[in-house]
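What follows is a pair of complexes built around chain A, which joins chain B in one and chain C in the other.
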Partner chain A sequence: MLELKGVTRLYGDVVALDGLDLSVPDDTYLSLLGASGSGKTTLLRLIAGFEEPDRGEVLLNGERLDGKPTHLRDIGFVFQNFALFSHLSVAENVAFGLRYREVGRLENEAAIRERTQHALQLVGLEDFGHRGVGEISGGQRQRVALARTLVTEPRIVLLDEPLGALDANLRARMCDELKSIRERLKVSFLHVTGSETEALTMGDTVAVLAEGKIAQVDDSRSLFTQPKNPASARHLNAWNLLPGVVKGGVLHASVGKLPIGEQVADNTSVQLAVRFDDIGVCAPSDVPAGHDYFEATYVTGEFNGPTALSFFRTPDGELIQVVDHLSDPRLPHLEEGKSYALFFSPDAAVLFKGAA
Partner chain B sequence: MYTNDKKSPGTPILAVNTQATSPAAAREVRDRRRAFLLLTPGVLWMLLFMLLPLGMVIYVSFWTQTTFAVKPDLTTASWEQFLSSATYLSAIGTTLRVWVIVLLATLIVGYPVALFIGLFVKNRTLQTALLVACVIPFWTSFLIRVIAWRPMLGTEGAINIILMKLGIISDPLSFLLFSEFSVIVGMTQIYCVFMVGPITFMIARIDESVIEAARDLGASFGTIFRRIVLPLSLPGVIVGTIFVSVMVLGEFATAASLSGRKVNLLGNIIVSQVGSLKWAFAAVAGVVLTVIITVVIALALRVVDLRKEM
Partner chain C sequence: MEVRLLRPVLMLYTALFLLFLYGPIIILAILSFQSQSGGPQFPIQEWSVYWYRHLLGLAETSRVSQLPVGESLVRSLVLAFMTTVVSVTLGTMSAEAFRTRFKGAGPIFYLIILGMMVPGVLVGLGVALLANFLDIGRAWWSTSFVLHVVYTFPFAFLVMLAIFNRFDRSVEEASLSLGVSPAKTFRRVTFPLIFPGVLSAMLFSFTLSYDEFSRTLFTAGADLTLPLSIYGTFSVEIYPNVFAFGVLTTLFSFTLLAIYGLLMKRFTARSKSRFAGQEET
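Coming up: the complex of A and B.
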């Protein structure tokens, strides 16, 4: 098990990681979701040993990692740009760790060849060993980078936005392959990404990194349906947040008064979160019974194929998004500039205490 | 006026032309014309000032040399004399020896400098500043740079004085100046920067993540240097080698001012032969030098395929 305890990393006055705690259990696919600049790459670099934390501890199976040189940590790192050795062939790239590592170096060429071939098979490149790394496609390079890391049997594999450099089709395929490879090897993967779909697809568990801390760790479905705080909700890119203050058991939000389901003390700042796909749209006079609603002006729509996104603006300028599914349309015909009632079931709303 | 039925002679040709030449083909023609235009000055220059003189040198090397004149009567006399003279053959030997030693010295001194600037200095501005600093000695004249070694290396020079003050030696070292040693020191200092530059550029081009990947795979710094940095910097070493070789093999000034006439390089022979109007003889030495340089460059280019690195 990999544990980070109170890890802090500063760059000058900028706090990249702020007393972060995280544990990655054995035999898990953990994806770490964070916006760009959230410090997620820094986190991986601290674990791998390219950088050291200013405070805190990094432990692997109880053994202290921080302070140990990178090449003695036995941790796999797959780079976003793959970082292949351009002067070596595919097979030589994969064999690099076996042949040249400081500890546990393999001297027997036959053994090196066998394990290299096995690793290439694992990623489906068994016939590409003799090629130069400049002579293969981006997806194949990604596999070489993966094979090169996996062949050394690291104790944990860190993947830094490994699919970022691939096109969409390839990304979907690599997602499946990464998962199945990991399941075969029984080693933990810590996969860092800025894409919520990638994080939700890949991870057995998803951790959200925001403001230098882990905001929430949960399985994909729980995280998506029940974010525990505004930071998590915001990173999922599927929740509208309505900030306001509670007075007399009612939320006074910028969009008007909204009832809330739980008892909250007066003058508490809260945010009410409603998922994009839990909001219905109708004329202000036609709100179905048993639903809460607020009014907003339709701005524009965005057609994405299976789903369509509609944008509304509240009177104070807040942007609200509503998702409609092509196969199961809920929304009426919308006219730009016209005001509509945006309604939702009280059960669908999640209340976060604390200011925005 | 109804003159349309009577075709003017130019019209049909023009029509055919516009039909045959598609815009793409016209563009290709324009591009090719521009390429030729760009190529012309260089080709002309090389023809007039390199190939032609080179041919002339070869030609003159077969002329008949008398005491004060050369006549265009073809003979191999100069070649025979050159190739049978111990002095000249030993000059070839000296040239090659000095070249090899200076090449190694510039590599030994230059590579660590390049490694430091290219790998350990992360700041690009500082990298550039350090490289420029390497060139500062070139802001003064070549001769001053060479002659400045005299007060350093002489029997009453700085080095001897310091060594004697420290009590390491009791008598001044005389081999320091006016010897092959001083020539090698002088040349190493002058040409080192031509080794540093290309190697630095190659090392600085290595992606930081490539080195991190090697570390992550368990390789120590020494192994990473041997297996990653060194092979990736090799094209820089070759380019540096070509620069230094071309300049050292044709050198005469450093030897003339620091060797006390004890070291005779092919370049010195050419200078003295030209000085005594022995053109045919100078031409022979020139041809020999050109052949040596050509072979050296050809060998260097075989080690690394520079086309792949461009």
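Coming up: the complex of A and C.
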């Protein structure tokens, strides 16, 4: 198990990581979701030993990692740009660690060849060993990078936006492959990404990194349906947040008054979160019974294929998004500039206490 | 100006420019084939390779003494080689140091660059005086060698700095994360990748040291290097044997350049050719 305890990393006055705690259990696919600049790459670099934390500890199976040189940590790292050795062939790239590593080096050429071939088979590149790394496609390069890391049997594998340099089609395929490869090897993967769909697809567990701390760690479904704080909700890119203040058991939000389901003391700042796909749209006079609603003006729509995204603007300028599914449309015909009631079931709303 | 006209004008300009660059060498090459009776000027009395034979000691004795270049040539080559090895090693190491920002990086950078900025006559004279003061004998392999390194090291350093500037650090990190030690990472990853740059730095250092004059003049002591001994014969009386020698050294330089080009080509095209070869099967 990999544990980070109170890890802090400063760049001058900028706090990249702020007393971060995280543990990655054995045999897990953990994806770490964070916006760009949230320090997610820094976190991986600290674990790998390319940088050292200013405060805090990094432990692997109870043994301190921080302060130890990178090459003695036994941690795999897959780079976004793959970082292949351009002067070596595919097979030489994969064999590199086996041949030159400090601890557990293989001297026997036959054994090296066998392990290399096995690793290439694992990623489906058994016939590409002789090629130069400049002469294979992006997806194949990604696999070489993966094979090169996995062949040394690291204790944990860190992946820094490994799919970022691939096109969309390939990304979907690599997602499946990464997962199945990991399941065969039973080694933990810590996969860092800025894409919420990638994080939710890949991870057995998803951690959200915001403002230098872990905002939430949960399985994909729980995280998506029940974010525990506004930061998590924002990162999922699927929740509208309505900030306001509670007075007399009612939320006074920018969009008007909304009832809330739980007892909250007066003058508490809260945010009400409603998922994009839990909002219905109708004329202000036709709100179905048992639903809360607020009014907003339709701005524009965005067609994404299986889903369509509609944008509404509240009177004070807040942007609200509503998702509709092509096969199961819920929304009426919308006219730009016209005001509509956006309604939702009280059960669908999640209340976060604390200021926005 | 009309585009139709511009093209020939530019071509003419380029041709003239090339002539300006290579004219002296061409004249020198032509004059080197002067006959024994002819002087170091036009017209050519008769075409011959007499002065080449004279240079190599194959001609029957004449009143013109043989050019004393044999030993000085060896000295210059050895000195250039020593300088190249030391300068490129130092240049690579210091450029490597400059990859990470360290305290005092700015001043140290300019201190290194100073070696190629200060006029050679001045440092030459300075080192000569210092050697006298400290009672150290001047020689091409000691005082001159030090100055040659001071002079060529900044060039090697700048070349390597440019190479490291474009160098992707993540390949080194990849090697480290595979469990390979920093020293082995340098040997197996960094060095092969920067090798074309090292080659260029070597070419620079070698050429600069090989024909260095002003610094060597003051510091070489009794045994002369090639540029000094050529200058020595020049200042007495000129015969076409100097031209013949000039042609031979130019050919030598071209050979060096060709070797450099071949090595470079072989190195940069290696992965490509391997791939192409395999594709055919």
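The rule we apply is simple: the second predicted complex is superposed on the first by the 356 of 356 C-alpha atoms of A that agree within 3 Å, B and C clash if a C-alpha of one lies under 4 Å from a C-alpha of the other, contacts with A are read in each partner's own complex, and residues count from 1 in each chain.
The criterion applied here is as follows: a contact is a pair of C-beta atoms (placed from the backbone, for glycine too) under 8 Å apart; a residue touches a chain by one contact, two chains touch by 3 or more.
Remember, it's a predicted structure, so these values are computed and weren't measured experimentally.
**Student:** Just from the overlay, do chain B and chain C fit on chain A, or is there a clash?
**Tutor:** clash
**Student:** For A:100 in the superposed arrangement: first (chain B), second (chain C), both or neither?
**Tutor:** both
**Student:** Could you figure out whether chain B or chain C reaches more residues of chain A?
**Tutor:** Between chain B and chain C, the winner on chain A residue contacts is C.
**Student:** Check whether A:133 is in contact with chain B, with chain C, with both or with neither, and answer first, second, both or neither.
**Tutor:** second
**Student:** For A:79, using the defined touch cut-off, is the partner it touches chain B, chain C, both, or neither? Pick first, second, both or neither.
**Tutor:** In the superposition, A:79 contacts both chain B and chain C.
**Student:** Which chain A residues lie in the overlap of the chain B contact set and the chain C contact set?
**Tutor:** 48-50, 69-77, 79, 81, 83-87, 96-97, 100-104, 148-149, 152
**Student:** Using the touch definition from the top, list the residues of chain A that touch chain B in their complex.
**Tutor:** 48-50, 69-77, 79, 81, 83-87, 96-97, 100-104, 148-149, 152
**Student:** Looking at the complex, which residues from chain B come into contact with chain A?
**Tutor:** So the residues of chain B touching chain A come out as 207, 209-210, 212-220, 223, 227-228, 231-232.
**Student:** Sort out for me which residues of chain C touch chain A in the complex.
**Tutor:** Where chain C meets chain A, its residues are 168, 170-171, 173-182, 184-185, 188-189, 192-193, 270-272, 274-275, 278.
**Student:** If you look only at chain A, which of its residues touch chain C in the complex?
**Tutor:** Those residues of chain A that touch chain C are 48-50, 69-77, 79, 81, 83-87, 89, 96-97, 100-104, 130-135, 145, 148-149, 152, 154.
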